[in-house]
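Some structures are shown below for you to check.
What follows is chain A paired twice: with chain B in the first complex and chain C in the second.
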Partner chain A sequence: MNLFLSQITAIVWKDVVTELKTRELFSAMFIFALLVILIFIFSVNLSIVKASEVGPGILWVAFLFSGTLGLNRSFVMEKENGCLMGLMLVPADRTAIYFGKLISNFVFLTIMELFILPLFMIFFNIDLLEHLAPLLLVIFLGTLGFCALGTLLSSLASNLKTREIMLPILLYPILVPIIIGVVRMTGQILAGEPLSEMMNWIGLTASFDIIYIGVSIMTIDHILEE
Partner chain B sequence: MSPDEVEDKEEESNIMVWLTGSALLAAMIGIFIYVPTERTEGVIQRIMYFHIPCAWLSFFAFFVVFICSILFLWKKDREWDIYAHASAEIGVVFCSLVLITGPIWARPIWGAWWVWDARLTSTLILWIIYVSYLMLRAQSDAGSMRARYAAVLGIVGFLDIPLIHFSVLWWRAFHPQPKVITSEGIGKGMDPSMLATLGLSLCAFTLLYFLLMGERVRQEQLKDEIDRLKREKLYSS
Partner chain C sequence: MSDNPNPSDSAIEVRQLRKEFGVLKAVDGVSFDLKRGEFLSVFGPNGAGKTTLIKILAGLTRPSSGTARVAGYEVAEGRSEMRREIGVISHSSALYADLTPMENLIFFGKMYGLDHPKESALEVLEDVGLAARRHDRVRTFSRGMLQRLSIARAILHDPSILFLDEPFTGLDIHASNVLKEHLQTLHNNKRTILMTTHDVSCGLEMCDKVALQVMGKFAFFEDIKDVDKENFETMYFDAVRNNQFTMGIRPH
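== the complex of A and B ==
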């Protein structure tokens, strides 16, 4: 178990160091998320619709779109110079590679989201601070589910000829339950409802997370096989 | 395959063709001649006898994809890959038919081609998932990689169905309440003649599924056989 954990840490650390050196992924994700929010601000008339009604949807679309950039990068980066082959030659379980990638994707996306939240607060004039704790829980559950399925499908799509195109096509339809769930929950939280009012959504999102982490553990051996 | 085997299979599929053909004919007679017209909805309601069997067939086909995908990853046998592929194709065709017959029925009854009701939405998402499954198959070259990836997606996609169901159900619901199986028991909400026609139509469509499945699987097997022969005879000489 200790060995497994240190293997995962090594992979996460490798990704973090690479990112600190190149700084290409994080800035791209952040600017892209910002652009998505801007485009939505231009396309909906905020003087007619209430910001707290369209806000949650726009926020999550920005998260998901820029998260997809990160996912696309995470395995394509390994394909260059045969790094993925090197990773697979390491005497480690394939699930360690999956968890390492899952955690590094999750960390990058979460940091990006934490940077976007204050900007969202300013642009939409919504006070997030009074609902911060439940909001962070929803963001945690949503991002975890997105990364759990996204890491699996990104490892799969990276071997296809048209990888950048196929990943969103494969990923988004399956993500629908979690998208509906987190947008609903974020909307209810901003409206001031307590978490106990949305236990069904929390249960749905959490079961999505558990199901897809479980499926990934069971199937990753069949994807990373050469 | 030896010539005898081929002949046996052809005979089998002939029987299947006749059986399915007569079942479909009987279902047509039932739908257009035997069954009475519904009182409030009128003649358009007869589309139900196509709509429900198509929906049933596509769900059944996707379930077969799921089972075959698991069996493929377990046994690593090309047969299961062929079954999953064939079933996904048939499922997408019938799912498209559901999405086409639905709006035709909805327009005069609900007054709109499309409403974002729970079951419509989940059928549409299901259709997209399996179209992306077929796209994944088309994107990758034939071989073990394609089969493995498709199997993973077949499992991931099917496990999503209950989650989609609940999420869109809590999102909104307008669709008519289930009429065939209600809390009062099976078949209480409908006239017996309508129920009989629906049952007949369901049987005919299920037979059609197995017929199409058999044909498609045989096609794919023959394709494999041709590839093998090509490799053997063309490149060795």
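== the complex of A and C ==
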């Protein structure tokens, strides 16, 4: 168990060190998310529609689309120079590789989201501070589900020539329950509803998080094997 | 080298090993034994199935049929214990280009569960003569340095068996000689080595056993002392020429 945890930590450490040196992933995700929000700002007339009604959808489109960029890089980085082969040769449970990559993806995406939130608040003139705790819970649940499924599918897509196209095509349809859940919950939070009003959505999103992680644990061994 | 729970004399035992990709037989009924500390050089034209054989023995891909035991462990079972006993050097370096050699080796050391990954990393870097470049990014390394760093990665956990897939490819004469010295040292340290190569003189010079793989099969497998080197060279070049005909390439 100790080796399992230290292997997960080693993968996260390696990804963080690489990112600190290259800054490829964060800068690409952040700029893309910012551009998505700016495009919507100019295309939506906020004097006609309420920012709190269109905002949740726009926020999650920005998170998910930019997150897909990060996921695409996640296993492609491992394929360069045959690094994935090197990982497959170590005496590690394949699920350690999956969890290491999942945590890395989750950390990078969450940091990007935390940078985007204040900008979203300014551009849409919405006060997120009074709803911060429930909003962070929803972001945690949504990001976890997205990364859990995305990490699995990016490992699958990394073997394909058309990986950049295949990942979103595979990912978004299966992610629909989580997307609906987090967008609805974000809307309710911005409308000032208490968390207790959305327990069903929280339950649904958390259930899908668990399902995606469970399916990944069961299938990652076969997906990583050539 | 770590203690093996199976005190068998054989490091590698292969019986009727087959790997098929659709109609293509990449490995076709290969059988051989390699004792502990022996060095086997496997020659063969491109597409003969040498890399696939190494991938099967390293547990990277499953055989279609047949059995292979490495360090006493059944390869198809994919045991972690077997992976502790082997090191692999392939065409690609399996190193992260944006990390330094130290960072790469410390990472792999942690993945292998070494007690002192930093000390082990420094030790193997000194062994392969790259200690002075330990803080440079791997991206800046030449092909020869990458290959030496690959050796460092492969021996970091002190494996008893090494699989080398065409390690001399793309190296200049100096880098080849340096690599040859390293391999000789590893062999002298009683490591079992299976190497695929196109470099006939080098492969024959270092090995204890020789094999020629053609169209997935072992067409030749002998002790080096029973091999007439000139005859073997002729046989190898014939195999390569015939393979070129098969692949539709006209020989000069």
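Heads up, the rule we're going with is that the second predicted complex is superposed on the first by the 226 of 226 C-alpha atoms of A that agree within 3 Å, B and C clash if a C-alpha of one lies under 4 Å from a C-alpha of the other, contacts with A are read in each partner's own complex, and residues count from 1 in each chain.
One rule holds in what follows: a residue touches a chain if its C-beta (ideal position, glycine included) is under 8 Å from a C-beta of that chain, and two chains touch if they have at least 3 such contacts.
What you see is a predicted model, and the numbers here were worked out from it, not measured in a lab.
In the superposed model, A:N200 lies in contact with chain B only, and not with chain C. Judged by the touch definition given at the top, the superposed model places A:T22 against chain C, while chain B stays out of reach.
Residue contacts after overlaying the shared chain place A:G86 against chain C, while chain B stays out of touching range.
Once the two complexes are overlaid on the shared chain, A:M166 sits against chain B while remaining clear of chain C.
Shared-chain residue A:E225: touches chain B and chain C both. Put simply, chain A uses residues 225 to touch chain B in one complex and chain C in the other.
The part of chain B that touches chain A in the complex is made up of residues 73, 125, 128-129, 132, 135-136, 139-140, 145, 148-149, 151-153, 155-157, 159-160, 163-164, 166-168, 170-171. Only residues 55, 58-62, 80-81, 83-84, 86-88, 90-99, 103, 107-108, 110-113, 137, 153 of chain C touch chain A when the two sit together in their complex.
Only residues 149, 152-153, 156, 159-162, 166, 169-170, 173-174, 176-178, 180-181, 184, 200-201, 204, 207-208, 211-212, 215, 219, 222-223, 225 of chain A touch chain B when the two sit together in their complex. Against chain C, the residues of chain A that register as touching in their complex are 3, 6-7, 9-11, 13-14, 17-18, 21-22, 77, 80-83, 85-93, 225-226.
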